[in-house]
Structures are given as C-alpha cells and as structure tokens.
Amino acid sequence: MNDRFDRGWAKLKEIDGEAGEKVVAALNDVAPDLGQVCIEFAFGDVMSRPGLDLKSRELCTVAALTALGNAAPQLEVHIHGALNVGCTPEEIVEVVIQMAVYAGFPAALNGMFVAKKVFAERGVQVETTMN
Amino acid sequence: MNDRFDRGWAKLKEIDGEAGEKVVAALNDVAPDLGQVCIEFAFGDVMSRPGLDLKSRELCTVAALTALGNAAPQLEVHIHGALNVGCTPEEIVEVVIQMAVYAGFPAALNGMFVAKKVFAERGVQVETTMN
Amino acid sequence: MNDRFDRGWAKLKEIDGEAGEKVVAALNDVAPDLGQVCIEFAFGDVMSRPGLDLKSRELCTVAALTALGNAAPQLEVHIHGALNVGCTPEEIVEVVIQMAVYAGFPAALNGMFVAKKVFAERGVQVETTMN
Amino acid sequence: MNDRFDRGWAKLKEIDGEAGEKVVAALNDVAPDLGQVCIEFAFGDVMSRPGLDLKSRELCTVAALTALGNAAPQLEVHIHGALNVGCTPEEIVEVVIQMAVYAGFPAALNGMFVAKKVFAERGVQVETTMN
Amino acid sequence: MNDRFDRGWAKLKEIDGEAGEKVVAALNDVAPDLGQVCIEFAFGDVMSRPGLDLKSRELCTVAALTALGNAAPQLEVHIHGALNVGCTPEEIVEVVIQMAVYAGFPAALNGMFVAKKVFAERGVQVETTMN
Amino acid sequence: MNDRFDRGWAKLKEIDGEAGEKVVAALNDVAPDLGQVCIEFAFGDVMSRPGLDLKSRELCTVAALTALGNAAPQLEVHIHGALNVGCTPEEIVEVVIQMAVYAGFPAALNGMFVAKKVFAERGVQVETTMN
C-alpha cells in the first residue's frame, strides 16, 4: 500500500508471525483503518526504527504490557514475538518477575500465567532456578 | 423511591435498556445499595445533568472506558448505550481509534473488539473507510 | 527453606488456605522463584509485620485490588482471605462500595461481582441494607 | 441544603477538617456542583454508611489512593483524615508499605513521601521499626 | 516534510495553537522523531480523520485524559484545544464531572483543577449551576 | 545487615549511585523498613538475579515506569541508572518512543521530558535522528 505499510507488515510478520496477521484480519469488518495504522505506525514507524535491537524492543514490550496489566491479549502475542526474535524463555521469565518490583505481584503473577500458556502452546521448557 | 432514583432509573433505561437493569438486578442479593447509588448518583445526578447532550456523554464514556482499559463489561453496556441514544457505529469506531493516541494500541484494540461484539449482537454494519 | 519462607508460608496458609498454595504450585514449572519471593517477601516480610492487624490488612488489600481493577484473580483469593481471617461479608461489601468514590463505578461493580462469586462458593449470605 | 448534604458536610469535617472545606471552596467558581456531589455522594452516602468503622474506611482509602498512584493531593487529605479519626501514624505507614506488594515499590515510595510530608506538618513522630 | 506531516501540523495548530508547537519544540534536542510521529500519527492520521467532528474529538480527549489521571500536561493542552475548537467551558466542566462516575472523584477533582487553571489563564468565566 | 541487604546495597549503588542512597536515607525517619525491603527484595533478590543482563533490566524498568505513567521520580532515578550501567541515551530514547505504542503519547511525552532533564543534568548529548 505504501512504504510504511510494507515495512510494518514485514516487521509484524517477523515479530508476531500469524498471530499478528489474525489480529489485523479480525479488524477488517469493523475498523480496517485501526489495523492499518497499527501496522504503519506501531510496526512501520516505531518497531522498525534502528537504534535498539529487536530483542530488547520485545523484552521492553513484555515489561510494559505486564506492568500495565490490562493488555493480556497483546502480552500473549508479544511473548510469542519475543520468542520469535530470539529471546529465551528464561529471559522472558526474568522480565516478568522484575515487574513485581515496579507494578506489584498481581501484575507479575498475571503476566507469568500468560507466559506459561504461551510456553505450553509452543512446547517450550523453561530452565527454572531457585535463588 | 425518591426523585433522584426515579430520574436515574429513567435515564438508565433510556441509555442502557435492559442491559443496565440486569446489572442492577445482579447486585440485589449482595449489594442492592451499590445498584441504588449507581442509579441515583451516576444516572440521576450526573448523566441527567443539562449542559451536555446525551450523545456527547456516551461518546465520552466510551472514550474513558476504552482508555482505562479495565472495564470491559461496562464498555460493552455503554457501546450499546451510545447506539441507543443515537451515536452511529462509525462515530463509536472513531472514538475507539482515537484512544490509540492517548492510551496506546492495546487499549484501542481491546476496545474495538468489544465494539465488534456489540455490533454483531445487534446486526449493525459499520461503514468502514481506509485513510 | 529459611525463616522468611517458613513465616510466609504459614501466613499464606492462614490468609488464603489452599487457594494460595494452588497459585504457588501453578508457578512450579515456569517460575518457582516468583512463588518463592511472593511467599518470602509478600507474606513473610510484609503481611507478617506487626503494627496492623490482619483483618485491616486484608480489607486494605481488597480496597487496593478493587481500585487497581486489573487483578481479578488476586482479588478473588483475597476476598476468600478476608473472610478466612474474620472479616464479615458485610465489611467486604462496604469496602468495595467505597471504591466507587475513589476508583469509579466500573471498578466497584467489577469488584462486587468477584465478591458475589466468592460468597456463592462459600454459601455466605450477605445481610443487605438499603441506605 | 438537604439531608445528604448536611450528613456529608458533617462527615467531611469529621474526617478532613479544614483541608476538605478548602477543596470544596476551590471548586466554587468553576464547578460548585462537583463539590456538592462529592459531599453528598462520597461523604453523605458512602463514607457515612454504617457497617464499617471510620478508621477502617480511612485505612482502605489510604490503601486505594496509594495503589492508584495518580491521586497525590487526595492521598494527602486522607492521610490527614486517617490521623484525624484515630489511626496511628504507624498504622498508616504499615498500609503504605503493604502497597509495595500489590502496586509496586514506586507507588509505595511515592505514597510514603506524602505521608512523611503530612507527619512533618503535624509534628508527628513515627515509631519506626526494623524487621 | 510530507502530506501527513503537513496535515498533522495544520491540525495541531488548529487545535492547540502555540501550546502544541512548544511541546514539539521542546523535543527537538532529545527526540525530534517523537514530535514528528506525534504530528504525523496523532494529528495527521487520527485527529484529521473524517467521521467525527473536532468538538466531539476534543471532548473525548478531555474525558480520556481526565480518566487516565496521569497526563496533566496533556490535559491542560487539550482543555485549551477544546476551547479553541468551539467547546464551551460549561461542556468541558460537564465532561470532567462525569468522569467522577467512571474514574472516581480524585481523577475528576484533579481534572477540574487543571480546567480551572486554563480558564483563569484565558479569563474565561464558567456559568456555574447547582443541581 | 544480612547477605540479601549487602547484595542489594551493592546493586543499588551499581545502578543508581548516590541517587538511590538518597531515596533510602529520606525514608529513615518515617519508614526505614521500606528502604530495607526495597534494598533486600528489589535490588538484592530481583535486580541481582542472573539470567538477564543489567542493561536489559534497566531498559525494561524504563519501559515499565514510562508505561505506568505515575512514577516520575523513580523513572528519573532509573534513567540515571540505565546510563550508569552502559545504556546509551539513544537506546533510552528509543524505549521511551516505543511506549507511545503501548501506553499512548502522553505517557511517552512525559517520559521523554524526564529523560531530557536527566540528560541535561549529566551534560549528555543525544544523537538525534529523523526517520
């Protein structure tokens, strides 16, 4: 459609794979423009910027969505995304645990159960540790 | 019961129809007073005030509940309410899209999927546009 | 494991009974450390402190989780907890109603429906009042 | 003006003293109705309800406002209020510390610095403890 | 710079006047790109969309920022903006009062004091009413 | 005092330098225990964990505090901290810009102005880019 859309679409597929495409498709009959600006702005303008590697971007997204605590569907998509771009499950677990400090235990627990669901769907084993 | 209650009850029915009555009924065995003050204060004192037309009030409610992001059941009731008092589905979609600016994409996406559910229940077609 | 853990575990069981244990168990395969620090810090360090009785602590927890509005599973556990440590259903209802003032009606309504579910599970009757 | 207003005004003065009156006065030239419904609803309808003692109500308010984290002026008024109705500074400190568990350390730290300011204004000494 | 920027810049000036330009200028030495995407996306893509009149958009923005409660500087800019595009001070006051229902009294009080400051800066008199 | 405290204190100094010590000192007369558990739990238990490098932890903290939007003093401390542990100003700017996607423009703008203040205090020049 335009450069921003193409760049955003490629970035969406790199990060979120089919899960991201499904979110956009679900908007088609009600607000395709929201899907379009999400691809153009969120993925084309912002997530495609140089200056921070994609792994760090996804870890920061997991941090923010866990802390906000009202974005479980998006957290699920971005935990998949974080794994897709090379984050380890152990790193994701670390970020979610750290959110207990900044956003409290309920936010961290709810985030961890989203991570647990994603890991189960992908058959991912987490190397657990005890302090 | 009293003037405020009567005025609030009429306003609740005008905005929310049966959906609002069901919420109040569901409180009966645990906290009928919460239903009562909701009708008296929220609908009798505030939503009944002159000075702003009801359509604008409902659009502002959709904006606020989408932005807060932790009130999906109430957002659902008030998207029904917005349609009941004459807002078009296109206006509701616009307000939800705009919340991406102020409250982020997760809030806007979650709000839009609530709108999509309400539109489907009512058989409402949205006239979609592309920028 | 250590004094903090033992004290926290005892406090967790005193407040939350089996529900708390289940949350911790559910973390075992993904982040047992989060369960451990939750027991050690939240229950061993903080909830075990002298200076405020446990009933007041649980009422304050119900207040905070209702107000935050993004922690329904934890609110459910702590409404059970509040009842377990001697709060009456009427006191819990009062706290949730009061949150309408500070966090709005959606937060209070969502909190009340969690309370209603907990009361139903335990066969608890609330003595309702009308102002 | 009416029973609810009179009851609310008396309760406002009991809890907040002059600080509450000043907030209401500051609304006079822009939205006296907001002051009125605050007195009628928040203080007349809700804070005046039987079923929970005023000390518990104020501790729950301190909990909620600390957790929400965006209501520093109101938290300041209600820490004064909590002291006015008989809460000890030590109990207030306990509630704020507990919020680190549910809303994170930033919320608890910001709440504690509000408490510190209030205690200094009143010349209140807190009996500090170390775990 | 491009069509979206030009359309956004014109819309920013229409809504916010010099206040909006100052925010963008303040970003110049640290993150001019954030100013650019704000103009392009927020004002060029979203606020410029047809389908909802600008007055309704600004009222919805005032509603959302009051409800979120953590965006006082932006609320100030958009209360100026709402007045600039033809909202009356009485309508703005109504929207802020209504937020007491959805986001609680602290959010509404803090929002009203921002409105009071803006009205004072502009020498605007509000026609106050009592229910 | 104990191993956790010593480990946390060393980590606090590594991340935050004197700024962190000042926060803890400011708690001494009102709630030294909150400072102690902050050091022990936040820095000794969580920020000291292996499994995620300190740079990533600080970027995630900047992301979370920007997104939450109600923790400006802590965001200031942690932008200093991020620079102290080797994050570049450009990476910090990137994370804050990205938060516009997840938490909206007001949160990102407010976060950026905190970053601007920190950079000015340290005489840090940001290499700005335009998309």
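Just so it is clear, A, B, C, D, E and F label the chains in written order, and each chain counts residues from 1 on its own.
Quick note on the criterion: a contact is a pair of C-beta atoms (placed from the backbone, for glycine too) under 8 Å apart; a residue touches a chain by one contact, two chains touch by 3 or more.
Which protein is which chain? UniProt says A, B, C, D, E, F = Carboxymuconolactone decarboxylase family protein.
As the structure is a prediction and not an experimental result, all values here were calculated from the model.
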{"item": "If a chain touches subunit B and subunit E alike, it appears here", "value": "A, C, D, F"}
{"item": "Centroid-based (C-alpha) most distant chain relative to subunit F", "value": "B"}
{"item": "Longest centre-to-centre distance from subunit D, chain (CA-based)", "value": "A"}
{"item": "Interface composition of copies subunit D and subunit E: same or different, split at half", "value": "different"}
{"item": "Candidate from B-E, C-D or B-F with the same interface as A-D, over half of contact pairs in common", "value": "B-F"}
{"item": "Where subunit C and subunit F are represented by their mean Cα positions, the distance between them in whole Å", "value": "30"}
{"item": "Subunit C residues counted as touching two or more neighbouring chains", "value": "33, 37, 41-42, 45-46, 49, 65, 67-71, 74, 93, 97, 100-107, 129, 131"}
{"item": "Contacting residues of subunit E [partner subunit B, same complex]", "value": "41-42, 45-47, 49-52, 56-57, 59-68, 71, 74, 90-91, 93-95, 97-103, 129, 131"}
{"item": "Touching residues on subunit A, where the partner in the complex is subunit B", "value": "23, 26-34, 36-38, 42, 65, 68-71, 73-74"}
{"item": "Contact footprint of subunit D on subunit E as seen in their complex", "value": "68-70, 93, 96-97, 100, 104-110, 112-113, 115-116, 119, 126, 128-131"}
{"item": "Complex contacts: residues of subunit F adjacent to subunit B", "value": "67, 99-107"}
{"item": "For the subunit B and subunit D complex, residues of the former touching the latter", "value": "33, 37, 40-41, 45-46, 49"}
